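Chains here go by letter, A, B, C, D, E and F, matching the order in which they are written, and residues are numbered from 1 within each.
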């Protein structure tokens, strides 16, 4: 019985390419991985947005109307809803002038988790403590 | 009867992605476009390498041995062989410290054309004179 | 010649545009290029906004990113896809995508 | 932890690596990342070469670009795919691709 | 009315740039312009029929069928497509298969060319 | 001997990064390591059978068949694949089709994970 911690580092902005979006959907799949693992084994991703990766996760998105796809905001909210730890780099938000209250929460979905805005040093610590580091 | 001039501006380095390579193969196809055009109509691409696009066109390449594909050097030589005008930005070669004699010629294939190393201003002029500008 | 450049990215297009002559240049901010119209990186607006007075941004790409027209710099005209078609045919002689 | 970062690009990876702590970092230059071992942009070597003493470059990616091992900076060890497998398993605790 | 020729290149399927190309083509066709689309590189896989439209992925078939009905000419690079294992028999109907010079010929007759490079 | 799990993501087919992934997987398998490969995004189209190997394009089938013969486990994201119109019946034999948690499960048992992001 073991938990394997993974750091999912999202460094590309949402929407233009697909990689950063796939980080969110892959993280979400941690909920169901037990079907393929031995009892008690788990995989726990921490989802960290750094650099340009902090772009495209703000609230108020509507990608369905113009493009017929789910928004990245919805995926972030789903991550909170399934109790994933979500971190956003404080320095990068400041660099781009994005106020913290522009980030989504999932209170309307009754999620207990909220986004953690943390210094880059803390995200480095998450990378150090993780068994595997995956850049998206 | 009209010739349509196009500026093909290659700004991505060869090999990692496919776009910059496709610039070369698409330029080469100017040889056969007459089958789809009225008599006397032609399309003439000028192939210009700027910025990081000057990376990956040096001579001495061997992509066949490790990866089983034709090298970009071969494509550049083929372009010269079919009398395309090929331009490489002088400032960008200097910036990356690439000597001009590292660029390929197609003398062994008896091509008359050689690569023109020109200032960026001349490449801008080609863009101005072209009816269409395509970035790769 | 009037060249309209569609700027589809926030970071990687800037260097190429910076070195182009601005006389007859126009910029259309699409995809993640829309951030040029909105963000003030390090407190400073994007250098692209000073490059030319012919500036456009695509409303659908603002909307999908949760950005509103009010956040857009005043010099940039907000257009939709239909407006973009007119800009491409009427405001420029040729267009390019970066 | 020892983290080996595979650097696959010349330009876009640098900012991310610059901000990472170098204590236990190693860099493996692959794909267009190999230019970091060879080019002197503006007469200066890549900042990555001073970041860590654990530097590798993939010979196959030099070869396909017409670059020779002699052009590679002396601090960078030239390895092939077989050597890379050993580096991944023996020299680092985890690896990442940038 | 004018002629718009678009080149849609690698890495675009599933990306916002692919969706952009489709939406722009539709908007131009709706205004009465003639539109031509050339697929090259990875974008060629989007000519495969029977794509499943999931809300987490932006895919091509729905758009392409609509564009073809509007009279937009669409052509895929045969070499790029078969190198990815997609055969002509598996293609969305009415999409043309040709060599790269198709794109150049549609550039010849175009008032505007938009080459979307990708990656 | 160790376990190497690789994630191969969008935009890689036809690119040097895809070739890199294939060559590294082969080198690791040849040394006796266990190798798992997960395809997601556009990289999933590389599981389509009957790819034509042209010298101007780097394609997957030849490599994948060789890796499968060496015992490498390869799995494609079913949602990504069908959204691109590639059906299970058209897949290279012995490639697995599963959901994203397959990748996480192979991360669980891995000594090293190499996530190749693409674009």
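Keep in mind that, in the parts below, a residue touches a chain if its C-beta (ideal position, glycine included) is under 8 Å from a C-beta of that chain, and two chains touch if they have at least 3 such contacts.
The structure presented is a predicted model; accordingly, all values stated were derived computationally and were not measured.
Participant: Looking at every pair of chains, which two share the most C-beta contact pairs?
Facilitator: E-F
Participant: Can we say the copies subunit E and subunit F touch using the same residue numbers, with more than half in common, or are the two sides different?
Facilitator: Same residues, largely: of all residue numbers at this interface, over half are found in both copies.
Participant: Taking each chain's centre as the mean of its CA atoms, which one is farthest from the centre of subunit F?
Facilitator: Looking at centroid distances, C is the chain farthest away.
Participant: Using the average of all C-alpha atoms in each chain as its centre, how far is it in Å between subunit D and subunit E?
Facilitator: Distance between chain centres: 38 Å.
Participant: Find the geometric centre of each of subunit E and subunit F from their Cα atoms only, then give the gap between the two centres in Å, rounded to an integer.
Facilitator: Measuring from centre to centre gives 26 Å for this pair.
Participant: In subunit B, which residues are in touch with two or more of the other chains?
Facilitator: 15-18, 25, 66-67, 132-135
Participant: Specify, in ascending order, the residues of subunit E that touch 2 or more different other chains.
Facilitator: In subunit E, the residues touching two or more other chains are 10-11, 14-17, 23, 41-42, 53, 56-57, 112-113, 115, 117-119.
Participant: Taking each residue of subunit C in turn, which ones touch at least two of the other chains?
Facilitator: Those would be 8, 11, 31-32, 60-61, 64, 94-97.
Participant: Touching subunit B in the complex: which residues of subunit F?
Facilitator: Those in contact with subunit B are residues 11, 14-17, 19, 23, 53, 55-58.
Participant: Across the complex, what residues on subunit A touch subunit E?
Facilitator: Touching subunit E from subunit A are residues 15-18, 21, 25, 64, 66-70.
Participant: If you look only at subunit B, which of its residues touch subunit D in the complex?
Facilitator: 13-16, 52, 55-56, 58-63, 65-67, 71, 73, 95-98, 102
Participant: Per the contact definition, I'd like the list of subunit A residues that touch subunit D in the complex.
Facilitator: 9, 11, 50-51, 120, 124, 127-128, 130-135
Participant: For the complex, which residues does subunit E have touching subunit F?
Facilitator: 10-11, 13-15, 41-42, 45-46, 48-54, 56-57, 59, 61, 79-80, 82-87, 90, 118-119
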